[in-house]
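Shared between the two complexes below is subunit A, which has subunit B as its partner in the first and subunit C in the second.
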Partner chain A sequence: MRAEAKTEALTARTAALTASGSGWLGAARRDAVARLAAMGLPTKRDEYWRYTDPASLTAATPEPAALFDAGDEAPAFDGIDAVKLVFVDGMFDPAQSDDPATAGIEITHLSQAEGVDIHWAREVYGVLEARGQIPVQRPLATLNTAYATQGFLIRATAKAAKPVSFIYHHKSTTSDALLHHCIKMEPGSELTILESGPAAARMTSVMEVEVADGARFHHIRAQGRDHARRAATHVFSRIGAGALFKSFTLTANGCLTRNEQIVELVGNDGVAHVAGAAVGDGTFHHDDTVFMTHEGLRCESRQVFKKVLMNGAVGVFQGKILVKPGAQKTDGYQISQSLLLDGDSQFLAKPELEIYADDVKCSHGSTSGAIDDTALFYLQSRGVPKRVAQSLLVLAFLAEAIGEIEDEAIAEDIRLRLEGWLQRHEH
Partner chain B sequence: MLNIKNLHVKLEEEDKVILNGVDLAIGAGEVHAIMGPNGSGKSTLSYVLSGREGYTVTEGSATLEGTELLDMEPEERAAAGLFLAFQYPVEIPGVGNMTFLRTAVNAQRKARGEEELSAGDFLKIVRAKAKTLQIDADMLKRPVNVGFSGGEKKRNEILQMAMLEPRMCILDETDSGLDVDAMKLVAEGVNALRSEGRSFLVITHYQRLLDHIQPDFVHIMAAGRIIKSGGPELALEVENNGYADLLAEAE
Partner chain C sequence: MDGVELEVRDGVDRETIETVQAMSGKYKHGWETDVEMDYAPKGLSEDIVRLISAKNEEPQWMLDWRLAAYHRWVKMEEPTWAMVSYPKIDYQDQYYYAKPKSMAVKPKSLDEVDPKLLATYAKLGIPLKEQALLAGVEAPEGERKVAVDAVFDSVSLGTTFKKELAKAGVIFCSISEAVREHPELVKKYIGSVVPPTDNFFATLNSAVFSDGSFVYIPPGVKCPMELSTYFRINAENTGQFERTLIVCDRGAYVSYLEGCTAPKRDIPQLHAAVVEIVILEDAEVKYSTVQNWYPGDENGVGGIYNFVTKRADCREARAKVMWTQVETGSAITWKYPSCILRGDDSQGEFYSIAIANNAQQADTGTKMIHLGKRTKSRIVSKGISAGRAQNTYRGLVSMHPRATDSRNYTQCDSLLIGDKCGAHTVPYIEVKNNSSRVEHEATTSKVDEDQLFYCRSRGMDEEEAVALVVNGFCKDVLQALPMEFAMEAQALVAISLEGSVG
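Presenting the complex of A and B:
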C-alpha cells in the first residue's frame, strides 16, 4: 500500500475516535497517536499478517455481526465465585456489575484515572505495549492505547480474595469495542483474571500485565461464540524474578480471531505459560501469534496451542522464542497442533526460534493430522459409539492445552464447554 | 455361540485374499485355540470378526448366537457380547484409563437397555477386578496404555474383558511380549472368566500359552483356511514338529 493510501486508511479508521484526557493518561494516548501515525495500520503484505487478512480489523467500520443465542448453555465461569465486571458492547455497565471493592484489591476504571497527574498505571499503560512493538510492530495495539476509554486499572498487593471476571456482552450488531486493561502485580501478590464473551461485532483489546518478583498471575478466557464476531486481542506481559504468568484461551466460533501474546521474561527463574484451545467450523479463522522473549536466567516458557478445525475452518499459529544473550539455562517449549476433521480445513504454522545464548534447552513442534483410526477402532471395539469415541479423542487432543489451567473448577468449566461444542458439531 | 461359515476376506485396498473359506463353530463355554504360521490369516480373522475397517468380506458369514456379526458396527458387536483382546493394545494419550473403562461399560449397558453404573458402583467393581490382576491405582489413572509395559498392556486388556463381561472373547496373541510370570498372571485372569456361558478363541503362535489356558479344541490355520482340527494334543504336535508336516499333509 502506498504511503498516502496508508494514511487515508488510518484517518478513516480513527475518524470517530478521540485521544482524550489530560494528565498522564492523556499524554500516554497522545504519544500512541504519534507512534501509530508513524507505523500506519497493518496490511496483508506485512510479514506477520500473511496468513490473516487484517482488512476487516482496520476498516473504518465493523462488518455487522448477528447476535448469538447460546441456548441453554450457562455463561462461561458462571459457577466460579468472582467479582464480575460487565461490559455491554465495550461499555462498562456498573448496574450489572459487582462492587469492585469486594475483590480486596485496587480496581479503578480508566475514566477515574484521567486528569490525575501521578498514578501507578503510568508505568504500565502504553508502556508494555510500546516495548512490545520491537522488533515486530503491532499497530492495532497502539491504536487501542491511543483511543481506548474503557477498561480497568488493577493493582494487587497480596493474594486477591477471588478472581476478577470481565464479562463482555454483545448487544448491537454494529458495535466496535476498544478495551484496555492494565494489571500491576506487586511482589508476592496473586490474582486470577477471567474474561468471557464476544464484547462487540468487532473488538480490539489490550491487556498489559506487569508481574513483579514472586507474584503469580493467572488469566483464563473464553471468547464469544458469536459466529460473525471479530476480535484482535493483545496481552503484553513483563515477568519478574521467580514470578509466574499463565494465560489460557478457549475459542469456539468467531469468524476472525487474532490473539497476540507478547511475553518478556525479564527476571531470573520466571515462568510463563501461554496456551489455547480453539475449535471452529466453516468460516472460522483463528490466529495465535506469540512472541516469547527470554532475558533472565533459568526461565521456563511454554506455548501450547491446539486447534480442531472442520468444514473449511482455518487455523494459524505464529510463535517465536527469542533467547537474548546471557539468558542461560533457558527452558523453552513450544507446541502447535491441529486436528483436521475433514479435508477442507487448513492449518498454517510458523514456529520460530532465535537463540543467542549457548546453554539453553528449546524445543518446538508443529503437527497437523486427522483422528487416529486405530484409536477410534479400539474405542469402538469396546462398545463406545463412533461419535462418542471421536469426541473423546478430540478432547484428548486438547487435553495438554487445558492442562495448563491450574484451577480444576475453571478447567472443568472449559472442558464442559468443549464437550458441548463437540456434541453440537457431531457429524 | 460363534459360527463362522465359508468366510472369504480380501484387503479393501488391494486384490489380496487373506481368508479363503474359514469354517469354525464354537459352542457355549468352549475354549478353542487357533495356531498357525505367520501370515496365515489368524489376526485378520480376529479383526474381521470385530469389525475393523480395511477388509472386504467376499463370501460367507459369521454369527454370534444366531445374529449376523458382519453387518454390525464394531460398537454393536461389542454390545452383542464380542470382545477382542488386541495383540498390540492401542495407546490413547489424554484419555484416562478409568474414564475409558467407564465410558465403555456404560455405553454397552446403554446399548443393551440396561441402567448405567453410578460412579461409586463402577469404582468399587473396577478396584476389585484390578486388584486380582495386580493393576494398581496409578495404572487406572494414567492415560490408556500410555507408558505401560508389555505386560501391563495385556493385563489392562484382561481388565477390560473382566469389566465388560463379554460372551465371546477373542485373544489375539495375548502371550506375545510377555515373560513367564506375566503370562501366568494373564492366563489366571482369563481362567477366572471361564464359565458355561462364555466362550474363548485363543490365537497364538506357541503352545506354551495353552499350558496355562487349556483349550478344548485346537485348529491349525494356513493360507487363510483351517487345515486341521483336533484336541489339545494337536498343539503339542506343533510344538514338537513345527508346521511343516501339517502343511505338507494338507497339500
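Presenting the complex of A and C:
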C-alpha cells in the first residue's frame, strides 16, 4: 500500500521531468533515477517526516505562491563584496550576474559541464548525496540529482578573494525550481558561499560540499521572505582532516521550509558547526533535520538551532549525532530551543544521540517555553517599553546561533534583518 | 570484557583472569525447579485462546474480549522501530499456557501449595510467609510488611496477607481470580488504559494473558502495606503473558513492587506483559520494578525477550504516579512505562536505570502525555552499556494545547564501559502551547578515570571501583526506590556489571 503510494507520487512528480545529458553527468543522473525508483517519494508515515507533511513538496505541481515585495529593506548581503550569481525562478540569469571568471576560482554552470570531463566533479556530484541516503532515505535529494539542470560546480584551490553569493529571485507564482550545486574545497583552501532569496514558489535544492584536509568552508544563507513559498533544501558535506565546515541559516517567513544538513566528519580533528535562526508568524512551518556523523578521531561538532514562533507557527527540529565505532575523543554538542510567543504555536523536536565509542563527550539539550516574565519585568522596570524589551529578549535568545557566523559584517547583516523582522511583527 | 575474549596480558596474573572469567555472565537465579507441568498444546490459535479462558473459568465477556484481540493480532505486524535486533520469533513455536500439575485443583491457601513451588520462592528470597520480609534486609522497626502475589509461569500460586488487606477494603489477588470474583471492577477498567488495539505485543497479551495481579484500593485508603508481585518463568519454550491491573480510587495510596527472574536456558523465551494503572482524584501510586529476567549468556545465547506495555492513567485531578525501574535482565528489553496526565494538576515521574552488558539490548524509556492543566512530569533515566550491549533511551514528552502551565524536566545520561558497546538517546518532544516549559538534557560519557583512580588508590579492585562509580551515577534513581528494593537494586547494579572491566 505504502510502497505503491510512494511510487505513484514519484511518477506524478517526475512526469514532466527528464534526466537528460551525456557523459559523466548524464550517467550520474541516470544512476539517481534508478535509486529514486527504488525509494519512491516520502509520505507523512515515514519516521523522519512525522512532524512535517511532505505532500506539498512531493505534489506533481507546486501550490501557487504569491509574490512578495521586500522593498522595505535592503537585499540580503547587499553590502558584502561578493561574486553575485543570480537565479530567477531557478534559472541562472547571466545578465544580472557578475562574470564568474572574475572570482579567481573555478566556477562552471551545470549546463556547460556535461560535455567536459570535470574529474573532481564526478567524484562529488550525486556521490555525497548517495552516501547521505544511509541510514535514512532522502528521496527529494535524489530527485534533485536526477533532474536538476541548474546550479554551479565550484572548485577552490586557495583562499578565495571574496565570497560567492547566490541570489534567488522569485518572479513567477508557479515556478518549481531544482538547483544543484557542487563545491570542492582543495586542501588548504578557504571559501564563503552566501545564499539569499525565496527562489521560487517551490524549490528543491542540493548542495554537495567536499572539504579536503585543512580547508575551510563557510556557508551563510538567508531564506525568505515570501510567505507562500515552499522549499526543501539539502546540504551534504564530507569533511577531511583538520578541515572546517560552518553553515548558518536565517529563515524568515515561508509556509514550508525543510532544511536538511547531512554532515560526515571523515578525517581526524575536523570541525563542523551547523546553526539556524528561524522566525515565523502564522502559516509558517519550519523544519531543521540534521545528521552529524563522526568517523574521525577528535572531531568537534556543534548544532545550534533557535526558533521564534507566533500565531500558530510550527517549528520542527530533528537532529542526530552519530558516533561510529572508533571515533574516540569526539566532542559533540547539540542545542535546539524554541521561544513560543503565544499559545497557538508549536515546537516538535527529536534530538537524537547514537553512540558506539566510549571515550566521547556528547550532549544535547532542548527547551521550549514562553518569554521569561522576570526578564521582561526587569527590562520594563528599567524603563524599556514592553515591545522593545520583548525584541531585546528575542534577539538575546537567537544570539547563540548568530554567534556561529565568523564574519562580523555578515553576522551584522543577519542581525539587522532579524531586528527588522521583529519590528514588523511586534504584537 | 567478554568472557570468551579474555587473553592473558603482561602484568596480569592468571588468578585475576580466572576470577573475571568466573564472574562474567553470572546470573544468580538461573536454576530451574523440577515440577511436572500441564501445557496447552504448542502454538497460537483461537482454540488456545478459548482454552486459556476456560482454564481460568472466565465469563463469556472476557472470552469475547480475548477473541477480538486475537483476531486483530493475526492481522498486525511486529514493530521494527526499536533499536534491537533478534531472530524472527516463531509465535507458533511457543507454549502459551503452562501450569504446575499440582495446581490442577486450586489450593485454598498457600499452605496447600506444592512445597517444591514454595521452595522456589524461598530460594529466590521471596517471603510467602506472612510474617516474613524481603530477604537480606532487616526490618527497620520490625514492622514493615509486604504482601506478595507469586506468579509461576501461567498461574498465580497465591497471595499473602489477603485477610489483613481485606480489613482495609483492599483487594489484592490474581487477575484470574478478580475476573471471577470482581467482574464489575475488571470489566470497568481492563483495557481502559492500554486498549487491546494498542500495539502488537499488547494485543497479543490481551488475547492470551494468563495471570498477573489485580489491585483495588478503595477511596481514602492508604494501603496498609506494600504490595508485590513476583513473576517466575520456569517452563521451557513457554511465553509468559502477565496482565496487571491496579485501580487506586479517590484519595487512596499504594506502593507496588514487581520482581521477575527466569532460569538459564539456551533458547530465548518470550515475555509480553501489560500493566494498567488507573489513578483517580488525589490518589497516588508508586510502581517499582526490578527486572532481572535471564539476560542470556555472554555470547547472547538464550535469555528473555521482554516486550512490555506499561501505562498509568492519572484520570482525575491531582492524581500522581511514580514509575521506578531497574532493568538489569532480559536479552531484549522493549519497555516504555508511560503516564497519561489527564487530570488537572496531576503528576508523573519516571526514574529508570537500564544496564545492558554482554550481548544484551535494551530499548526503554517513557511517554509523558500532558493533557490536563498544570500537570507536571519528571524523567530521570540512567543508561549503562558494557560489553557489546546496546542501550537506547526512547521517550516522548507531549504537551497538548489544553495542557497549559505544565512542566516537564527530562534528564538522560548514558555511561559507556568499553569501546564495543553503544548508547543511544531518542527523545520526542512535542510542545503545543507556550505557557508550558519543557527541558530536556542528555549526556553521554565514559566512566570517569579520575574517580576510578581515586577508588583504586584506596585499595578497591577495579570491579568494585566501577560498581561504586556506577552506583553514584545511578543514585538519583536508586533513591526513588522503596528501601528493600534499593538495597537489592544496588547489589544488582554491581552484579550486572561483573566481568565488564578488564
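In this section, the second predicted complex is superposed on the first by the 420 of 427 C-alpha atoms of A that agree within 3 Å, B and C clash if a C-alpha of one lies under 4 Å from a C-alpha of the other, contacts with A are read in each partner's own complex, and residues count from 1 in each chain.
Please note the rule applied: a contact is a pair of C-beta atoms (placed from the backbone, for glycine too) under 8 Å apart; a residue touches a chain by one contact, two chains touch by 3 or more.
Owing to the predicted nature of the structure, the values given are computational and were not obtained by experimental measurement.
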{"item": "Clash-or-fit label for the pair subunit B, subunit C on subunit A", "value": "fit"}
{"item": "Subunit A residues touched by each partner, larger count belonging to subunit B or subunit C", "value": "C"}
{"item": "Contacts of A:G115 with subunit B and subunit C, given as first, second, both or neither", "value": "neither"}
{"item": "Partner chain in contact with A:E400 - subunit B first, subunit C second, else both or neither", "value": "first"}
{"item": "First, second, both or neither for A:L392, with subunit B first and subunit C second", "value": "first"}
{"item": "First (subunit B), second (subunit C), both or neither touched by A:A375", "value": "first"}
{"item": "Partner chain(s) touched by A:G383 [first = subunit B, second = subunit C, both, neither]", "value": "first"}
{"item": "First, second, both or neither for A:S345, with subunit B first and subunit C second", "value": "second"}
{"item": "Three-chain overlay, closest Cα atoms of subunit B and subunit C, distance in Å", "value": "14"}
{"item": "Residue numbers on subunit A that touch subunit B, as the complex places them", "value": "373-375, 377-386, 388-389, 392-393, 395-400"}
{"item": "Subunit A contact footprint on subunit B (complex, rising order)", "value": "50-53, 73-75, 77-79, 83-84, 86, 89-95, 99-100, 103-105, 107-108, 111, 143, 160, 164"}
{"item": "Partner subunit C, residues of subunit A touching it in the complex", "value": "47, 325-326, 328, 338, 340-370"}
{"item": "Of subunit C, residues touching subunit A in the complex", "value": "81, 83, 401, 404, 414, 416-446"}
